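First comes the structure, then the notes that go with it.
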Amino acid sequence: MELILESLFNSVAIGSVLLVAALGLAIVFGLMGVINLAHGELMMVGAYSTYVTQLIFKLPILKPFYDIYVLIAIIIAFIVSGTVGILLERTVIRRLYGSPLETLLATWGVSLILQQFVRSVPLAYATGCVITIFISLLFSTVIPQNLLQGNRRKLIKTGALGTSAAAGVLTASALASLVSKLSRASSRNVDVTAPPWMRGGVDVLGMTFPKTRLLIIVITIISVVAVSIFLNKSVWGVRIRAVTQNRDMSECLGISTESVDVITFGIGSGLAGVAGVAVSLLGSVGPNVGGNYIVGCFMVVVLGGVGNLLGTVIASFSIGLMTDLIGAGRLLTIWPNMPQPLASTVDFFSTTSMARVMIFALIVGFLQYRPAGLFPQKGRMVES
Amino acid sequence: MTELLLELKGITVKFGGFKALDDLDLILKAGELRAVIGPNGAGKTTFLDVITGKVRPDEGDVLFKGKSILKQREHRIARLGIGRKFQSPRVFEKLSVFDNLALAAAWPKKPMPLLLESTKRAETERINQLMSIVNLQTKSNVLAGSLSHGQKQWLEISMLVAQKPDLLLVDEPVAGLTDEETDLTADLLKSLAGENTVLVIDHDMDFIRRLNSPISVLHQGHVLCEGDMKTIQTDRRVIEVYLGQPEQEIL
Amino acid sequence: MNNSRILKRRLSLILWVVIIAALVSAPAILPVFRLNLLGRYLSLAIVALGVDLIWGFTGLLSLGQGIFFALGGYCAAMYLQLNSAGEFPNRIPEFFGLYGVKQLPFFWEPFHSPFFTLIAIWLIPAVIAALLGFLVFRNRIKGVYFSILTQAALLVFFNLFNGQQKLINGTNGLKTDVTFLFGQLVGSESVQRWLFWITALLVILAWSFSSWIVRGRFGNVLIGIRDDESRIRFTGYNPTLFKTIIFAIAGGLAGISGALYTVQSGIVSPQFMTVPFSIEMVIWVAVGGRGTLIGAILGAVVINYAKSLVSEALPASWMFIQGGLFILVVTALPQGVLGWIQGNGPRNLLSRLGISRYTATYPKLDIDQSQEIEL
């Protein structure tokens, strides 16, 4: 009983990290046909945002609120990664709709740049950059259209840009002077420490579950629920799905496909940021932290079937379950008297890295029967 | 010449809850020229998809030369002798006109012979002959992508012929062609029938009339009626389908 | 058409003269360190040729060529290690001693034979590529799904090799520079010079082989698969078969490339199977010009040489440059540098800058005339 409970918890824990990481990817891939190899780096950005938030909350003024910094970090990470994602969409990806292989290569280039960026730019200045971009993006949506039409257009635009740049520079210099750790570039890994109330575990039925893991599970559940409500119930959700199905027709119906692209990609990237918070709670944060997750996320998407939230959920948890069953050698504990050759095989695969090997083989095997994943899209248009 | 070439028995295809084809029966004799018409969404393209193996029907069977071809994969069906022209012209745009035809004419279609041998003399002659039929002989080395729409249609039809199929399935060959080109296409298809069996799908009535062949009318996934142009034009059900039900009858 | 074809022919002739002149003069001009680097980059050109065959011609973007590259390298390294293991305990390679292994693992045995090794270097990667490819292509998994699966396969092979210390020295890899070939130290200057010549020769052989494949009807089928796979299928070809074959060929080329790279860099390790390295291979081809074989060769050599020069001068900037290259080549130069030149890119650029040059008034007329003469 305990064994099953422990195994189940581990599976859910592994699966929920995968799920929250793959969720944004599944949205961007499923709804926009964009293969975002920089998704891992957007997670990395989210993880670094958590780190910066943590350091800011250690400042004397904010010290009393230190306990809730993780919760605020989730929102900040969503915004920061979303901002970077929108910048990416506006500059690169919008030119590449309809050719997924090209998006794959271009976003890989972006991921290299992002990795090197956090290595060579001090985090304080990086924060400044993000704030500049964020405020100027905000301006472009907030300023009423009629103000942008007259001959004052240039003035207003320059003013908006200047304001956001000034805000960025101010934040950057303030951060750099207040927090010395943020003022130097470093390629070394950093650590995010959980606030005291999140350390330790919860005892249930004589077992201890780590609180950070539980928090990640909660974050995942909230993200999935929020995304599915957004996509299925909100006005923007309908528009997004409409654009996915027929871009030209949607445009004819007066849907601004550009805004839809921005919002979809922004949300996908923002979710990567949330995943980044989860990842930062599990281990140290470095420029390469995203790369460890990206292939797993893609496996989830492939296994779940494209454009299907339920498929993504089920695929994540089944991969989580498999990882736990194979990687921890649970089969041997469940069935101790296994015949020798089988037992040594199970033993051979009972490390995390070898479990990956096995899971890949199983996924390829599964695709022999269901090439389009668990929940394939049906219809006449699928193949062409 | 009267043996059965193709037999469709009770074909039903469902996409989700929607029946694209519903208990469809159709028989083609060898050497026949047959036109299939029908309003949009009648299942014309799905019907070709079933014959060429792109779509597996949920029920029914397809017999070609007396044998079921349901379990065969597309390229096998093509090698058995069923050639297909797609709705919008699909030629290999980055290859020259000659190479396009050579790909269609090549036999056997296996990797090793293709790698080790070049196009045979008989094939080259045939290709030149085909190019002169469709007026492309001056374009032999031109990339197919730079041809006009009508030339692409003809190139695709001649590719189909180069494949030497017993059954030619031609999907909307005159879409986007000028009147003159349409007439030439009709004559070309007529000249192919007899030696080959030809099934043409279109909804250009002038073109169909010019084909002067038996017609099957498809509606909501099954054959509504069959016969020559006159029979079809006077058939009440066909008129209803195309023009809508006369109002007084509803009342 | 005719004009541009002559131009193209002249262009590739000039390119070849330059390449061969560079190859012949390189050993005389370059110091051994640079020559060795050039040799390594030339061996990378062979894997790039394979990437071009599957991606540029057939439209299959594999992000897992590192698997086959590394397998070729491991085959060569295993032979060299066994060949020089005479003086070590149990007459097996030294590293086994570290993990207390006394018996040579069974799959090492055949690598005692140099002939087996020479065949295994390309055959083993080719067979594994064929198997993997067949399983994927059979189900019509293509496009990005294929890319993702090859990337996952890469990660799997990385984990497989990285974790097996007792079988293959795990993450440390196998060293070759301290082993012996014909009684000579592989890392020595004279052997390295020989390896340079062998590499240069093999690049030319691989190029001729690849262009033989793509020139004829087989190549036309590949292009057909790339541009319209279902049309190829309805024409009576089995795309699965063709794709499997070309993927296996690319795998074999990657194996040869990996073996040459290993013996010139002195080590093979799971690092050859990291995700970035395999994607880099794609960028060499993309920058050089996909669909042009010379583009793949030039791309591999030039970009890697640039990489080593830039990394020596400004270590941090290479990642930015490389990232920028990916974005640039996808958004602005989709046909690569060679494709850009062949597609009249320079002339278009000039005319865009306001410097227009002579253009034929009736280009179409020109074409028809020339064709009629040919007939």
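We just call them A, B and C in the order they show up, numbering each chain from 1.
Following the convention adopted for this analysis, a residue touches a chain if its C-beta (ideal position, glycine included) is under 8 Å from a C-beta of that chain, and two chains touch if they have at least 3 such contacts.
Please read all numbers here as calculations on a predicted model, not as lab measurements.
Novice: Which chain is most remote from subunit B in terms of Cα centres?
Specialist: A
Novice: Which pairing of chains accounts for the highest number of C-beta contacts?
Specialist: Looking across every pairing, the one with the most contacts is A-C.
Novice: At what distance in angstrom does the C-alpha mean of subunit C lie from that of subunit A?
Specialist: Once rounded, the distance between the two centres reads 33 Å.
Novice: Taking each chain's centre as its mean C-alpha position, how far apart are subunit A and subunit B in Å?
Specialist: Here the centre of subunit B sits 49 Å away from the centre of subunit A.
Novice: Distance-wise, how many Å sit between the C-alpha centres of subunit B and subunit C, to the nearest whole number?
Specialist: About 43 Å, centre to centre.
Novice: At least two partner chains per residue is the criterion; list those residues in subunit C.
Specialist: Only 230 qualify.
Novice: Subunit A: which residues touch two or more other chains?
Specialist: Counting only residues that touch two or more other chains, subunit A contributes 383.
Novice: Going by the touch rule set out above, which residues of subunit B reach two or more other chains?
Specialist: Residues 54.
Novice: Note which residues of subunit B are touching subunit C in the complex, please.
Specialist: 52, 54, 73-75, 78-79, 83-84, 86, 90-95, 99, 102-104, 106, 109-111, 114-115, 118-119, 137-142, 159, 163
Novice: Taking the touch rule as given, give the residues of subunit C at its contact with subunit A in the complex, in rising order.
Specialist: Checking each residue of subunit C against subunit A gives 61, 135-136, 138-141, 143-145, 147-149, 151-153, 155-156, 159-160, 162-163, 230, 275-276, 279, 282-283, 286, 316, 319-320, 322-327, 329-331, 334.
Novice: Spell out the residues on subunit C that touch subunit B in their complex, using ranges where they run on.
Specialist: Residues 1, 213, 216-218, 220-221, 223-224, 227-228, 230-239, 241-242, 245, 367-368, 371-372, 374-375.
Novice: Write out the stretch or stretches of subunit A touching subunit C in their complex.
Specialist: Spelled out, the residues of subunit A in touch with subunit C are 35, 92, 95-96, 100-102, 104-106, 108-113, 115-116, 119-120, 291, 295, 298-299, 301-302, 351, 353-354, 356-357, 360-361, 363-364, 367-368, 371, 383-384.
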